[in-house]
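Here come two complexes built around chain A, the first alongside chain B, the second alongside chain C.
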Partner chain A sequence: MKRRSLLGLAPITLYLGALTLVPLLSTLWLSLAGPGGLTLEYYREIVGRYQFGEAVGNTLGITALGLSLELVLGLAAALALAGTRRGRAAAQICLLIPLGVPTIVAAAVMRSVFSTVGYLNEILLRLGLIRLPVDWVGERALAIATVALADAWKVTPLMLLILLAGLEAIPGELYEAARTDGASRWRQFRAVTLPLLKPALTMALIVRGVDAFRIFALPLALVGRDLPVLSTYAYLEYIEYGSPHTSAASSVILLLMILLAVGSYLRLAGPEEVLR
Partner chain B sequence: MRALRLAFLALAIAWAVGPLYLLVKVSLAPTGEVMTAHPTLLPHGLTLAHWRRLFAAGQVSAPLVKSLLTASLVSLAALALAAPAAYTLARLPARWRYAVLLGLFACRMLPEVSLALPIAVVFLRWGLLDTIPGLALSHLTLVLPVAAWVLTTSFLTIPHEIEEAAALDGCSAWQTLWRVTLRLALPGLVVAGLLAWLFSWEEFVLATYLTLGSKTMPLQVYYYLYQGNWFLTAACAVLMTGPVFILTGLLQRHLRAVDLAGSFR
Partner chain C sequence: MRPGLRGAILTVLVGLAAPDPAAQAATLILTMRLADAEWQVIRQDVLPPFEQECGCRVRAIDVPPESLTQRLKAMRAAGRMEIDLFAQDNMRLQELVDAGLVQTLSPAEAKMDPAILPALAAEGVLDGRRYFLPFRPNVQITYFNAKKFDADGLAPPRTWDALLAVGRTFKAKEGIGRVLFQGVGGAPTVTQLYEWIASAGGDPFDFADPGTVATFRFLHTLAPLLSPDSRRAKWDTTNDALAQESAYIAQNWPFGVRLLHDYGKTGIRTYSGWAGPAREAHVIGGDVLGIPVGAPHKDLALRLIGYLQSRAVQEVLAARLGWPTIRANATGAVAAWLKPSVEAVQEAMRHGIFRKNVPYWAGYERIASEAVERILWRAQGVSEVLPPLAARLDALRRGGR
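On to the complex of A and B.
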């Protein structure tokens, strides 16, 4: 079989061409096609709306807060696991469990935790930390934090998994050398762990960041329409208001935001790490 | 330092597992224990009433069947479409291979809503809304890049020499493919198939766009959630999470084998 045939690539290429590339282009077309030719009218229309501004703000807020939470918790858990010997396998399985939970189930779980008559309020009441039940999804800033925390419950394990693999790839001799030179634990972390963990961090941040921008089920199920994000905004524009043009325009804006975020991150972190 | 680490791990495990315990508890709890000013944390009474209602209402069997059929269809079709691509990719020069894989990865970064809208518009015209093939077709767009990725790494672990040896022993090209290559790639095929199955089983966004009446399991959970019925939500959610954990358990064993194989190349 010397002949390098590319025929095997044909089915998947045709498929993704028909059901990914064509839809993507038609979304772009829908967002630009006015009655009398190409127009930016639909973009102007949604950008002028208060709700759309809220959706952009909520998406950015949930992404920034969620990513920071996941990064800190995931890194802490990965370091704690890496330093544990006895019972490590069992602890790791327990920590990874939420990753297997379907998103909509995670939303159901988190609703029973964060509801006014939910379990978080009950625990805080019993501990005497609050006097009255808190409405976790009432105020906008608090609702953003709640959604970010609920999302972190499900996806921090993914962060943990990627970072743990990164930690284990660091050769032990480097730490020995650092210790011989008299480096403190903090200095070892700064000088050895963090720089060598950078490729894993980049991978984790991109994979998770893209998902955070696209968040859909959690805000919809946990808070509802009062906390629009870009995905649910695009959805409601089409399903509720029957307006495919403005729906397309808002999903194009979401796509541009993702491209901008990934692009500028790679610019800052250096592109060589992904291409490896 | 050690005590601090153990305390942190204990808290983290409680945070990871606790909410799931609550879900199972709610699905089995008598009505008085939940949705009151002071819900109980430990189970005091157990009842199967909500589970009985879930099945008696007759609402859950149709979504169960639809989700099972869609996921199985997606899983088989993903293997059929992605395996030839992965086989070809594994035999390309590395630079070409990574260019194609990067392109596939880029497909996974697109927002679902930007694909779902035109697909829903076209499927409405073609009468594919609310159908299993329609949903499976849309799920494949998101599943294929991942399946191709997993299968390529698995085909990469099969050395060329084995195929050449089989050819020298008189196997035809098809026999080599069927008896040698595919057999050796079986763990990878199983992993890719299960991943595709799981993805379709729990997919929410596309299903929301492409469904008018006949719900899938995730939409059924959302329906109960929206209604505010905690007990049916919990029972239905537990019902759809069960298969996930069984399959993930199976997957874990195979994933190790694939990783092991992967480290040898």
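On to the complex of A and C.
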């Protein structure tokens, strides 16, 4: 029996080993392998560059802002849908459409919205709210906000799906009991919904958080190299400047950031949340 | 069944199942980096006659110049070279040679038709050896929105001062810059910068050179007059900016002419461009052909090179795409709408310069991009930015990487 279980695990072990562990270790090796042996030179080289610091800052900014937006919007939509029966299926389909749009297409759509001659500027100009077109991705803070908003548009439905599943797993009797005790809707939300939604929230934040840290195509297509994030930084180091070592070093730093963020969150939320 | 009989049957079966090597058509793999409209012509008009003639198949694949070296290295490391022939940006040749990825060509293999322009025929020799053969010269021309220029009574600028005046007029009238500089960083920015430095009489590889410093000072003055799209502008997005009228004047390769025409943007015209304080200078870019070390079909690749350089093919490329030609005798019929841009290209080629192939180009590109970024987009002073970058560039040149 035990032997059969081990055999059953073999394909997934092989898959993870060949497609995750080996590339991961190769990247780590590449980031440390200097001409004269192991070295931290490539890490020192990229950390010394101001563009790398900006890439770290931009990655953190987009992740924090994007995740907050997605959480608020996803939770609001999930709560609205959970309490609805009529037209729910249609609303759910409409809300899920952006999830099916390829990222590069989403970036093209967003470019037509946010470019200096885009729809947003045109609307604001016609309403007389601005006198000159705004370069929505010109200033760094504005560019971070624009990318976070564009990303939120595309991936909030995923947050919605996870949270909706979490909400539906909460037994209705608990709300009935709370109502019997005279709890307001806000009190029900705080005392029943939020604590019982914690596992779903944890899962949603981890899944989306990891993805947000790795954001790549959207900033590259929407803003270009002007807004480097860690993944585009690693990409350009490899492709544009032919430097696989510094590219690997920045990829390893990105991985460490993700592990640190997930670890910190689990420490705060409690690891049992993901193991449930 | 007796072992002897079983062996005989197996031999017959294997013999019947295996394809006849003579009947199998060879597949030649060719890589290039082209725009979609260009690929259409290559795949539909250029390659089929060759395939018919050689009885082979040509698989043409899009490979960006910046990733060709890595791909060839990976194939070599895997012990399986799949690419037979590549067309590569003439600025990214040294890295291929340094990595030992490209074959040297013997005088017999490199023998060229005398109709190929001598200046272009000389290209492709590195460290005294012939590695590459000419395929497609290219040069940037200037696109301008004739309707907007006419409305303000402006003529296309022929000097830096005139460019500044045009930029100031548009900015004063519309409150937003309409001159486009390809300021995204990397190859598009550095190509344009190289050209501007040369036209100021500077040495692009020396950031302390007076001509180079003058170019950066000019860019610093021009910065407030630039279209915001300049920050993201590269070769493809420049066409968008022109088509969407977020910029009224921009330099770019001639491939945009066909795109803009196909989108009905007939009001965008072209000319060779402007001169700097020293001269008018335009970088001759484009692609040369090379055969990777270990290419499986070298003979066929050499035949394909001869075919791509032929008068018939060069005429198709000139007539259909407006590409500059490598031959003196490939002046076939060009469509009427393409003629002005072909003339602009020819004029620009008359002021053509070749970029120096240096082994440290990737490092140079990084430093030059940083200079442009800080001076144009962070409004930092030229005298603050250039000296440390000049020192880094000097160290890079001495280190050779």
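Keep this in mind: the second predicted complex is superposed on the first by the 257 of 276 C-alpha atoms of A that agree within 3 Å, B and C clash if a C-alpha of one lies under 4 Å from a C-alpha of the other, contacts with A are read in each partner's own complex, and residues count from 1 in each chain.
Definition applied: contacts are C-beta pairs under 8 Å (C-beta built on N, C-alpha and C of every residue); 3 or more make two chains touch, one makes a residue touch a chain.
Quantities reported herein were computed from a predicted structural model and do not represent experimental measurements.
Superposition model on chain A: chain B and chain C are shown in a clashing arrangement. By the touch criterion defined above, A:137 lies against chain C but remains apart from chain B after alignment on the C-alpha atoms of chain A. When the two structures are aligned on the shared chain, A:40 is found in touch with neither chain B nor chain C. By the touch criterion defined above, A:194 reaches neither chain B nor chain C. By the touch criterion stated above, A:169 is placed in contact with neither chain B nor chain C. In the overlay built on the shared chain, the residue A:177 is in contact with neither chain B nor chain C.
In the superposition on chain A, A:256 makes contact with neither chain B nor chain C.
In the overlay built on the shared chain, the residue A:225 is in contact with chain C alone; chain B does not reach it. With both structures placed on the common chain, the touch criterion links A:101 to chain B but leaves chain C unconnected. In the superposition on chain A, the chain among chain B and chain C reaching more residues of chain A is B.
By the document's definition of touching, both partners, chain B and chain C, reach A:117. Comparing the two interfaces of chain A, the one with chain B and the one with chain C have residues 117, 133, 238-239, 244 in common. Those residues of chain B that touch chain A in the complex are listed here as 5-6, 8-9, 12-13, 15-17, 19-20, 22-23, 26, 34-39, 41, 80-82, 84-85, 87-89, 91-92, 98, 100, 102, 104, 107, 109-115, 117-121, 137-138, 140-141, 144-145, 148, 163, 167, 173, 201-202, 204-205, 208-209, 218, 221-222, 225-226, 230, 233-234, 237, 240-241, 244-245, 248.
Across the complex, chain A meets chain C through its residues 51, 115-117, 131-133, 135, 137-138, 223-226, 236, 238-244. Against chain A, in their complex, chain C makes its touches with residues 64, 66-67, 69-70, 95, 175-176, 184-187, 227-229, 231-232, 234, 237, 244-246, 362-363, 365-366, 370, 377.
Residue ranges of chain A in contact with chain B, taken from their complex: 1, 4-9, 11-13, 15-16, 19-20, 22-24, 26-27, 30, 73, 76-77, 80-81, 83-84, 91, 94-98, 100-105, 107-113, 117-119, 122-123, 125, 133, 153, 157, 210, 213-214, 216-217, 221, 230-231, 234-235, 238-239, 244, 247-248, 251-252, 254-255, 258, 262, 275.
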